[in-house]
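Let me begin by presenting the structure, written as structure tokens, before commenting on it.
Per-chain residue numbering starts at 1, and chain names A, B, C and D are given in the order in which the chains are listed.
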């Protein structure tokens, strides 16, 4: 942490900062320039967190507080000396040069729907099956998912196809039944900073797909991953799914620069969800190609056998009939970016 | 819900929308203009939620989906026919013309700190005591609050001063001990869309201070309130605490237009938190005056007997010695906006 | 400028930064910490601008570039040693403890409209008359203002009431006729970074009301002011008029924290425009009180004798009949913030 | 335009809206539902602009104003019945299935620099040469470009290589010398809503590359294009170059969803500028591949023979030595998206 004092800062104000830094357990190193004084707060990640908690940006005489070291350590590129994490999930690899397509319905609605979709996406070249049994909904009046029955149907689809299952957990109290089915636990954007939930999943050891919050910075996403990693669970994938901006022509703005930047900052695999970002089918294919060409390690996409009858988000689902051609184009874009392809076929 | 079709929409595309609307349980009313067709989806709030879940914005041939009725009903102004909710918390009124100042430390750190602060804010004219025992922290390496010990100290401060206590709940599994102390349960910005937590608090019946998420729209804030209200708990206060924008000169951007607009949309009291938005003491007084002048029903503010020794966010805390003068100025601004003052003195 | 290198930066990467800094005319001072090297680039404001132009944030091995000194100098608080600029415009003071209300129609539409509005706002206690003859419009099909005829009507209103006139300039080629009428030249939000226009106005010496762009940072606003100041024109007022965010319940988000922060960073007067930010009459009074209570040096507000017949933005205009009561309330809020009142009555 | 009234709107409020709509020249069509009244304002694009100018969103009793028809007509897909604009610039095609790479230095610095870069990018397969003689700079203390001398050097580079030239115009008073050199006039992001400048360029008839403002919506970008088109100049390219968001890990957020969406809304070619969005070389290649894979009609990218000596933005410039391999990869991504390649070789 580097604390830049204002030109007008008094000696007392400088001394007060030094005292606070030292009380938080870090060493304070003063550097007096011609016009301003800069104080370096030197410590490990815990001491940095303590200095950061002080809120020194608001301290009298302070102009800027600049983090020098990253506030995450387990998620950082450095800790692995440049080696990338490769997750292997029921034989499907993702990360470190391996590209995996995860596909399936937004929400599990019925046995037929989930089984037929699972078969289609397996045939088409997907590496995993996605599907939601618990759905976070803005409105308390909206369909909240099939719950336990949805989990049971996912288990059956997995048994039939061999595809590993990605499904969302919203409430730590539902962890046990979700663990019985999920090969990857999805944490939704709204729960990205649900710290007790992250810690529980961390303790479970199960692979996690962690979605970036709608207005979360990349650093906050990596700090959320750190909550999982710190509990001893190294199996985290990061997922960009669109951020909130002033633009109102589409549901959210897909931030694909996040892909190469997260891969610079962290060793964890980076996945993109073009379905939720765009909110409409016509954008899903171009943005999927773009994500793969940008170097994403995976794509998680919605597919429905009959989107016109979907209870939720049908218009953003790919048609099951189009999936094989879509997957083929996405795979070629991933190869253009130098990736090897994972597939359950 | 009104669905505006594109000029180029085909008859089949129009028919597909009508079918989806009707399958969701609403009636579809077509209106064909010279250039575009508009489909009205008519139903109650549950049917509206079902239509909304369809994601019709992405449906082929659809140009726009415009909600006509508000997606919340219990939180809306109309349901109370213009009458405003007045909460009465241990004798302190807030809302409907009553202004209440809630003050205290960011985090409970020690017996001395919380008791002395409670006494100062009571003397100065605060109506309630705020203080955190559980703290959501971006970093897993940062101080997470005193937990149960913090709750015990708050109970003691309440006993000594008679001030009702506002404190945060992060995890539904901690509800029981929090209910023993909290007169108002605070839901932090990061948990605004933690729907299982909101529902639990709703079932508890305890008054809630619900903070707006850093990138939540006012409609999403009201939908979060609806999750609490729907469980039969009418005691909800809404709290503006700053939103995330491109501006980097301060921690967040305090959105004071939210105050009059929330009061138009809803009957619930509206509170402002200038401490977290600004992140520095020098902005707290001007923004508090501004919030009160804009018509806020309450202000929740941080005070510390010795901010230089605070473990968390000291630089944004008002000095205990300055509190009485601050409270006096804020009260005059609230009176300028036509409010009656609540106070525990 | 301080350049923080990555932990993994090589000696060559460090040397390349040093070379670039020195080639731009600044001195480079290296400080090697346990884990990272920090390079200070030391120079005056021109050399800082040259270093800043290098785009070092993208240079290999560079983690962060942190400006230490402000990139503006003439606009900064320091240059005046804490003394604040007071503009005196035809006898009306603004800044440095003086509060001025500027009021009038959005657009000059007719002789009757502008004269009657001028009389009403003068009676009510306004210090200046606002009104647009040239209007920047998002659509080329919309009414673009009366142009020269509008300027002539403003001149007549000034002659009748003695109120100084604030009016907008959009095109440097219209400077001459605008100078014949305008006591204050308004630069609209869309032109905040129209640098040739700013420089021309700077050379004219005429007082300027400079509106913040819809997504301009405070630093960019101050840099735009610097373009005017640099040409020898010290008469600049800064104006907050709402910024663009994700919130869609109102036209823009009024950023009132900008008021105290701009007053900390700069000696220039700070004005707020609540009419354009809110876009509707019901929000104008509460946000005006809030702006005045936050310490604004002035408010610029729209008033119309018959808003239902306004060609432009009628619903955000105050009713002429309500103006005196409005002005009285705003003046009381300004006094609460310690301001003396300017008025033409 | 459709005006949705509040549930609580009175008959008088409804009548006032009808009167305003009719006074603006449009027809008002009332539709009374069970709970709310909706008023359709029916007219052509000029009458729509007049209704839009009224600011009805703020009118008492009005809940929402929803545009039904697009406010642009010449830029819209419909006017060309789905046929796409293909610009042909000195033999290089762009749009309607033709992909063109424009490359060159950010700023013209010297004869050697611009000539050698032009030769490299021609060899590598670029279709046009970019380079700035007039540079809009946030700081008045920064290098503002070589001006006329820069234009002269671009003319020489064009003569040597045959590459058409793209260069920026900032001030309508510089139009004449720019027209002598520019095959394409670039309008920078800060001037996207400089309406007098757009109209002048429109009258010149010269092809335009119009960059999206940092916080401009796609609709605003298309309205800016409409200012050019309305003057009889059909030769407009739209350019996405990053938008401003809360994310601070990179200079701006590249909004690639804009590519397919602009191609749905408009017949105009869509270009992407990854250099300015990213601000660093390591992101330029992945984002260029992503842009091409998303269906962009062109990419405009910065190349420098020796970026370490660049006066401006060197770290985002591709190395001249790497250009051919870069262009080859980008071309393959464009082919994946179904584009034919333009090239000057």
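Convention: a contact is a pair of C-beta atoms (placed from the backbone, for glycine too) under 8 Å apart; a residue touches a chain by one contact, two chains touch by 3 or more.
Small disclaimer: the values here were computed from a predicted structure and weren't measured.
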item	value
Any chain in contact with chain B as well as chain D	A, C
A-D or A-B, whichever has more C-beta pairs in contact	A-B
Centre-to-centre distance between chain B and chain A (centres being mean Cα positions), rounded to whole Å	26
Chain A and chain D: spacing of chain centres that average the CA atoms, whole Å	31
Per-residue multi-chain contacts in chain C, two or more chains	215, 244-246, 248, 278, 282
Sites on chain C touched by chain D in the complex	16, 19-20, 23, 45-46, 48-50, 52-60, 62, 71, 136-143, 170-173, 190-191, 193-196, 199, 213-215, 220, 223, 226-227, 230, 244, 251, 278-282, 308-316
Chain C contact footprint on chain A (complex, rising order)	2, 4, 7-8, 31, 33-36, 38, 40, 42, 63-64, 66, 68-69, 78, 215, 244-246, 248
Chain D residues touching chain A - in the complex, by the definition given at the top	215, 217-219, 243, 245-250, 253-261, 264-265, 277-278, 282-283, 286-287, 289-295, 329, 332-333, 336-337
